[in-house]
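In what comes next, subunit A is part of two complexes: it sits with subunit B in the first one and with subunit C in the second one.
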Partner chain A sequence: MATPTYDLLASTTLTTSASSVTFSSIDQSYGDLILVTCAKALNTDDSWLAFNGDQSAGVWSRVRMIGDGSTTATASFSAQPVGYVLRDTTEFSVNIAHINDYSATDKHKTVLSRTNTANTDVRAYASRWGNTAAITSIKLDHDGSDYQVGSTFNLYGVAK
Partner chain B sequence: MSLMLLGILNSQAAGGGGSAYDLLETTTLTSSASSVTFSGLGAYSDYAHLQIRAVTKGAANNFGNSQIGITFNGDTSGYSRHTLQGDGSSVSSSGTANSNRVDVSDATAESNSSYAGVFGASIVDILDFSNTSKYTTVRALSGSIMQNKAITMNSGAWLDLAAVTSINLEAGNGDFVSGCRFSIFGLKGN
Partner chain C sequence: MTMTLIETITVGSGGAASIEFTGIANDLGQDLQVVLSARGSGGTQAAVTFNSDTGSNYSYVRLRGSGSSVLSQSGTTTSIEAGGVVPTSYTADTFSSCSFYVSNYAATAAKSISIETTTENNDTSSFIFMQAAGYSQTAAISSIKLANSSFVEHTTASLYAIS
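Right after this comes the complex of A and B.
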């Protein structure tokens, strides 16, 4: 028997700039979360995801892969929250992050994400939060600039 | 659910749901298994596409990641596959036009005790799975963060016109351990 699923849990479109966006009290009944953002800032730095307010050193790690039309690159990082990038100050960057088994209490949380900024590059990330706690909140924060008006943030739940 | 901007409660969750993307089956392992099979998929031919979402860990005592091997209808020949991988040191690509499976690379975390809670993740799209005028095409995004880290994109095809009625997911290095989850979804289409 098929079970309808892929439910919008929360959504916002910025009508004023904001330094961060937080989804809290996340429904624990789904299997995976999908976070879809279309955002821009006033610089081209990193944006961060942090779970349950945890940005402490030593519990985050990630690897990324980039193609910019002429070269490829990869790098790995430790002690940094899950990252993605807003690469253009005029064009919106699209990010889709899959947070699997977010409510499990026996697993670290693995995130698969892709970020596209059409006139600069395409990126893919795998990230891990080294904590077995269920994710009850997700904070998005951008280095050195607010998210700009028109940025959208949508959180979906996928059944398991 | 609530959403906060600058620490201020901003909006309430929207309800919703729909029938265009449906959970068909889920298997969560309560003991180790070398493979997981979804069978009887002919019953879902009113869907256009399938998606598998998996969270997996393998029993091999290593610091790395291993693949999930996909075969359709029990057929172990006639596949093509390609991989694009970034591991923090280099970006690499590989592939073959004559394979015994489609790989979802780096989908499964291995089992060194220092990484007890670590599972890999994968999202696999299987397009037009019941269409008998097309080879069945697969694409996947997968990754795992052990001591070795990798993010990988895979594509593949089963060079056969038959409708897919079963999908076998085989562990790449040691059995899948207890707690691994495999969910298969159907997507409606024309």
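Right after this comes the complex of A and C.
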């Protein structure tokens, strides 16, 4: 069996709480990016991914589906950055995002992301950043609360 | 830094009731990933336990799609029902595809797991699972067991460390 290789581009483990985490000056030599976080906050609001500092209206769209253990739901949104949700204040949530063709300059960027919070719900998102610029920075920002101590954030590059 | 194959277990002739990775060192990396290709006579579930712990220390919430309907389930159990096993009643030679990702497996905190599974039947009765699971214990994970009444020959499970 082949052993695929990801290169760890950046890693952050919080030893003090932080309102956001940013990966900047991202190496442009890979094909795709994979962002893996295991994090929690002090409220159940949304976290967001923003590329190149862009959270402006009109350039983001996404569709999601949710299961909370008894009901299912799907919805779509415009003018919101990539959803990246923490829905529990005690449990660390595993979140995995695949950011495809991040260094291309001829296409909008698409993201497939999963959030997993066993106490609360499981979610899948497909998102689009309506910009052809290469992604050079990624910011994770949580509404209304800091990320808590012990939260981990790892960014991997996948070889072309 | 890599995604490194630690071990692959292939079920031989005669089948096996379980597959187990033992002696997992706590310094392999930050995360673990198990990739399972399975077929078995014990239904669609691979029951996953850590550190031989069969207490009610596992919780889950999941979405399941069948091609015609979708539902969501949750619960607290004595193992994680990862899905990921094609029953022997399904089309011959079909196996599942299942991946589960364990974050911070060696941390002294409860563990969070992300699971994706498909049990394809080349026909009807196919399922896709998307699941969040939790393991409430704080010990580092040193063993992972996957159980079914009988995994059939050619079932494979691979353990990767992600560092």
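Note that in this section the second predicted complex is superposed on the first by the 155 of 160 C-alpha atoms of A that agree within 3 Å, B and C clash if a C-alpha of one lies under 4 Å from a C-alpha of the other, contacts with A are read in each partner's own complex, and residues count from 1 in each chain.
Following the convention adopted for this analysis, a residue touches a chain if its C-beta (ideal position, glycine included) is under 8 Å from a C-beta of that chain, and two chains touch if they have at least 3 such contacts.
Since we're looking at a predicted model, the values are computed, not measured.
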Which superposed partner A:L8 touches (first subunit B, second subunit C, both, neither): both
First, second, both or neither for A:H108, with subunit B first and subunit C second: first
Touched partner set for A:V59, first subunit B, second subunit C, both or neither: neither
Partner chain in contact with A:S93 - subunit B first, subunit C second, else both or neither: second
Partner chain in contact with A:A133 - subunit B first, subunit C second, else both or neither: neither
Touched partner set for A:T120, first subunit B, second subunit C, both or neither: second
Subunit A: partner with more touched residues, subunit B or subunit C: B
Partner chain in contact with A:L42 - subunit B first, subunit C second, else both or neither: neither
Touched partner set for A:S24, first subunit B, second subunit C, both or neither: first
Subunit C-contacting residues of subunit A that also contact subunit B: 3-8, 11, 65-67, 72, 114, 124
Interface residues, subunit C side, partner subunit A - complex: 1-5, 8, 30-31, 59-64, 70-75, 101, 103-104, 107, 109-110, 112-116, 130-134, 156, 158, 160, 162-163
Subunit A - residues contacting subunit C, complex: 1, 3-8, 11, 36, 38, 65-72, 91-94, 96, 114-122, 124, 150, 152, 154, 156
Subunit A partner contacts - residues on subunit B that touch it in the complex: 1-7, 10-24, 26, 44, 53, 55, 84-91, 106, 117-123, 141-145, 149-151, 153, 179, 181, 183, 185-186
Interfacial residue positions of subunit A with respect to subunit B in the complex: 2-12, 14, 18-27, 31-32, 61-67, 72-76, 98, 100-101, 104, 106-108, 110-112, 114, 124-128, 130, 132, 153, 155, 158-160
